[in-house]
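The same chain A turns up in both complexes below, where it pairs with chain B and then with chain C.
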Partner chain A sequence: MITQQVPELVADALVRGSTIALLAAGLTLVYGTMRFANVAHVEFATVGAYATVSLSGVFIVPVAGIIGAVVAVALGAAMYELLFRRLLVMGEMPAMIGSLAVSVVIQAVIQLAYGSRPRVVPHELEQVGTVLGAQLTASQVQLVAVSASALALTGALLRWTPLGRKVRAVAADAELARVSGVAERRVVATVWAIAAGLAAISGIELALESSTTPALGFNLLLPVFSAAIVGGLGSVLGAVIASYGVALLEAIVLALDFEGSAIPVSYRPAIGFVFLLLALIFRPRGLLGAKVRIV
Partner chain B sequence: MFDYLAWIAILVCSYAMIAISLNIQSGGAGMINLGQVAFVGIGGYSVAIFSRAGLGVWVGLLAGAVIAAGAGYLLGRLGRTLGGVYWAIATLAVAELLRLIISNTDTVTGGMRGLGDVAPLWGELHGTANTLARLVMALAFLAVVVLAAVHLDRSQLGRWLRIIRENEPLAAALGIDVVSAKSRVLALSGAAAALAGGFHASDISFVGPDQLLPFQTFLALTMIVIGGLGRIAGAVVGAVVVEAIYDGTRYFHDFLGLASDQIAALRILLVGAILLGFLLLRPKGIVADQPRRVRV
Partner chain C sequence: MRLFRRHSATLVLLSSAVVLSLAAGCATTDASDSAPARPATTPLPSANPALSGTITIGAVLPLTGANATVGKDQQRGIELAVAKINAGSGVLGRKLAVVVEDSQGQTTATIDAARKLVAVSRVPLVIGEYASGNTIPMQQFLQQSSVVGINVGSSSIELRGTGAMQFSTIGLDDKAGEFSANALYDKGFRKVAMLAPNNAYGSGIARSVADAFTGKGGQVVASELYTEGQPNYRQELARLANADPDVYVVTTYGRDGATINAEMFELAMTSKPVFDIYLSQDVPDSDAKAVEGRIGMDVTSSVGGSEYAAYYRRTYGEGFMTSFSGFAYDAVFLAALAIEKAGAPDAGKVAAAIPEVAVSYQGVTGALAVGPDGQRLAQPYTLGTVRAGRIDFS
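Moving on, here comes the complex of A and B:
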């Protein structure tokens, strides 16, 4: 019935889930602090990836990656300050349409500068190793490890630092936080920077693992939104769990075999959509969403 | 030159229909639909499939409108009262799902290659007569959609939708069945978009999955924002402006010396930048929607 071994399925889900989780965590974090789902969020991954690819000729790859992430972080903070802070005052609809426009513009700029063909970071052919019974390349292991550490770091930041406490205060009640002396605007700008950074890490790791195209981020939009919505918009832990959930579901569905007629790999994104639609119909508030917590 | 202008004018008519269909949802009812192109696709593919099966284009056009209306109604019922973001993403997901299915079912839809040889609505004509017939047909289709939208705007349902847009809890408190009103407007909007899609497919004699890319919905969204959300005239003005910019610049590579994918990117960039500019500087659009008295 299922054509793949369990270790293969888990490895597949881990690699894909790590990519999605980094993006979904940032998306949900921004939503939590300003009640706005940024469609252009996935473009931070593309920007980070392209910055890294184009700088990898100048610097060694880790340095290029760090600069790539910094570029995305700066873009995130600037985008909030110059654009979305103003659009959100007008309402949810202009902000949503605006974020779609930003997404389209960023993709167009990248295609204009780099063309539509896939770009890769020059590297040597990797050998596939066996980790606990699953076939993985070194860069896939790196992707999972980097992603897990970045997520853990973000979690710790939110949980234990003064900044994290402010973020959670703004998320719980922005007005109350403001009158209690929290500099809301600076906190939200920081959240945008963190979210953009996480997204950039995802894009950079993805570019190192395979290649990058102008649609790198946009192709992840629906799985990322499914994960963030299923996890409950605003809940970072929920988003991370749901990301690995969506990824595992994808791996299992693709491995299904009904007497010779398997589901083609090209249907991969559809699994996320269906998951999302079912979630929207039956659990629109998400798995861990919308609970009031004391900060 | 006449052919080129006529070609642009026909495209403007097709897009104006799509923009109006999106406008009665987004402008009229305040629902952001990022997957409107799905209805266009239903119309286009139904015309193509019916005409190739020898059942006639007009039957296909009608069938497309009916199927799209049914799909819209169902979507409204399923979506119930999903708020802004959730609704926008759900519609995008539905449209992408449709595009994926169409790209992967080679036998019925031609898969990635699409379907050619779609019969024209107007029989076989040649030369200038053909161009004129197509232009007249495009204007006639647009007129039908405009009249329907004007009628909706003045109807009981149109007034209810405005109240829902401004204040959904108030609408519910006034005894308006919000889910039913939204489902009905989606059905109408779906049928209008399917007419546009069917007309376009028959006009260019081709449908393909690339016509269902989310960017098409984005173009229509740009048109209604630039024109002025909620105004029928705004949607038409927006369609003229955006088409002039988007398809009027199609041949610029002749003197810019860029690769074709780069020039495509430049045109998209132009549309996106103009939309952002309007959102920031003139969010009400060219033809601003004024507050009106509503009698309940």
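Moving on, here comes the complex of A and C:
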């Protein structure tokens, strides 16, 4: 028996999946073009969130958010140009370890500057209303809508623009793309900027929903990686489907009632990882990681 | 992206924009921290010039990390105690010094800090930490190293088993659970739904409250342990709400506490009474609107009159940040008395002396007498209500 109504389950999955999807999409996008899993990716969310928190004292929240995202984008592009482009010459492993180091350094710097107490974006708490049968606050509806738009925009960009074609070309075969006249470095730098921007949106949403701590992004590392892997590393659509899908499956499993006893909520992360294991066993290349890589 | 390739100056400019915008925030946030003009503070009393030499003990506190607020308050308690002792007759005619190490709120860092105190600073006694998940392994390590440990902030009942040289100046969760259960029952609640973190502390306190409450004839209709660090807790809270209790009983801390409190308000759960176990763990970090009117319990940092509270306020220009400074304060005094009685800063002798001096010692948090297991026998708790964002214990 299911203890929660279907609209509630979907709402839980949408709210939870949105922030993960934005991060997983960017992670997988960078992986697709560079074949390297950037652990520091989640830190763009933290940087975006803290930039927004700092600037919210100066500007109104939406403006602070936009500047926060720009800051993360600049950091993303700079990080690629100054660091990872060079590290990747040495191989994927040094680059990945390097990204772990960058992640730790960013957290340390943020902690040094802001302290470790949670910080909030000043906003009015509001009570839930009923939206299509589910209990949601206006800001949660906003969160879902903003995430969906950002993801749709990214999808459209990759699918229908010349830049998107180049990104897909680099993802399919960087060498071939280069000899065909695609400026690989420029394309990859753009991908980093887009990925950082998406992550920053996620971080800002989290800051608005709860609060920021230096470990804001790092706490999400495992769910984000597992969504990217379940979706098929390199596939943006796969990562998005996996993010929402795993969130929905978690919600359903937790809502199951076995004659009066339910699975304790503390097993939520474990449920996600059971799906990760199942996916790795039955679809080792991920949901959409088929022969043709869709970026 | 051509600009990145051609103009490294642009890059530098962009990077500095990043740094500047973050730095701008620091400036404003620092300002907001100290925004209300604080009353003039009195410096700590200066040391008695007759003292010569130093006796050093150690402390491991969460100065950074999720529990940094408590850590800072514990450090204040230690500072106040050390200043007071040194302004008087010191310890064995020498000055007392406490080397404070940061645990970062993490277990590995806690043990590393304790190891440094034992191996490098060679202290006979270590005070700390705050989270049970850190204090338990730290006391086990101290016991193996034959160093005395005094727990000043953790309340897991597993601390009873950490060893003969390990003590607590704070009551453990069976006492807190019993007090909370009695308070809930006396307020007329019969059905409770509980939320606690999924760790040594959370599962322990949830069990203690449940045992005591059902023992009195009450009913626990839901008991959930949440995983820390989640982006939201909608589903956890939905479970509590679905159980339709008379009162929600919560115990949370840090960012998760702030998130949970905000979501309880958003989900209109605050229309029912909320009882908070250890109010000062989460209320200071939460949105005032979300916790308004909440009732709950906490340990109290000054039971024996307000002399300690006044000393604290005089020194720092504000009231207690949390309820935990007093336990650290008491621990320093207890350590000083025990060293005095032992006649030397020798760990074995100090451990033997602690129960003897504790029996008759009245600390700022109440009588400190410990049982044969080294744990505090009686712990005064207090009930409080949140009014206008502040915890009112009167």
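The definition used in the following text is that the second predicted complex is superposed on the first by the 279 of 295 C-alpha atoms of A that agree within 3 Å, B and C clash if a C-alpha of one lies under 4 Å from a C-alpha of the other, contacts with A are read in each partner's own complex, and residues count from 1 in each chain.
Basically, contacts are C-beta pairs under 8 Å (C-beta built on N, C-alpha and C of every residue); 3 or more make two chains touch, one makes a residue touch a chain.
What you are looking at is a predicted structure, and each value in this text was computed from that prediction instead of being measured.
Undergrad: With both structures lined up on chain A, is it a clash or a fit for chain B and chain C?
TA: They clash: once the shared chain is superposed, the two partners overlap in space.
Undergrad: Contact-wise, after the overlay, does A:90 reach chain B, chain C, both or neither (first, second, both, neither)?
TA: first
Undergrad: With the two complexes superposed on chain A, say which partner A:177 touches: chain B (first), chain C (second), both, or neither.
TA: Touch status of A:177: no partner.
Undergrad: Given the touch rule stated above, what does A:264 touch, chain B (first), chain C (second), both, or neither?
TA: both
Undergrad: Look at A:273 in the shared chain and tell me whether it touches chain B only, chain C only, both, or neither; answer first, second, both or neither.
TA: In the superposed model, A:273 contacts chain B only, not chain C.
Undergrad: With the two complexes superposed on chain A, say which partner A:102 touches: chain B (first), chain C (second), both, or neither.
TA: Once the two structures are laid over each other on A, A:102 reaches chain B alone.
Undergrad: For A:116, using the defined touch cut-off, is the partner it touches chain B, chain C, both, or neither? Pick first, second, both or neither.
TA: A:116 sits against chain B and chain C alike.
Undergrad: For A:25, select first, second, both or neither according to whether it touches chain B, chain C, the two together, or no partner.
TA: neither
Undergrad: Among the partners chain B and chain C, which is in contact with a greater number of residues of chain A?
TA: More residues of chain A are touched by C.
Undergrad: Superposing on chain A puts chain B and chain C in one frame; which of 57-65, 129-137 or 201-209 is the clashing stretch?
TA: So the stretch of chain B that bumps into chain C is 201-209.
Undergrad: Identify the residues of chain A that lie in both the chain B contact region and the chain C contact region.
TA: Overlap of chain B and chain C footprints on chain A: residues 111, 115-116, 264, 266, 269.
Undergrad: Where on chain B is chain A touching in the complex?
TA: 26, 30, 32, 34, 78-79, 82, 84-86, 88-90, 92-94, 96-97, 100-101, 103-104, 215, 218, 221-222, 225, 229, 259, 261-262, 264-266, 268-269, 271-273, 275-276, 279-280, 283
Undergrad: Considering only the defined contacts, which chain A positions touch chain C in the complex?
TA: Residues in contact with chain C: 3-4, 8, 11-12, 15-16, 19-20, 47, 50-51, 53-55, 57-58, 67-68, 71, 74-75, 77-78, 81-82, 110-111, 113-120, 124-128, 135, 137, 185-187, 189-190, 193, 206, 209-213, 215, 219-220, 251, 254-255, 262, 264-266, 268-269.
Undergrad: Touching residues of chain C toward chain A in the complex: what are they?
TA: Residue list for chain C touching chain A: 1-2, 4-5, 11, 14-15, 17-18, 21-26, 28-29, 32, 64-66, 68-69, 105, 198, 224-227, 229-232, 234-236, 238-239, 242, 254-255, 258-259, 262, 265-268, 285, 287, 289-290.
Undergrad: Under the touch definition given earlier, write down the residues of chain A that touch chain B in their complex.
TA: 31, 36-37, 83, 86-87, 90, 92-94, 96-98, 100-102, 104-105, 107-109, 111-112, 115-116, 214, 221-222, 225-226, 229, 233, 264, 266-267, 269-270, 273-274, 276-277, 280-281, 284
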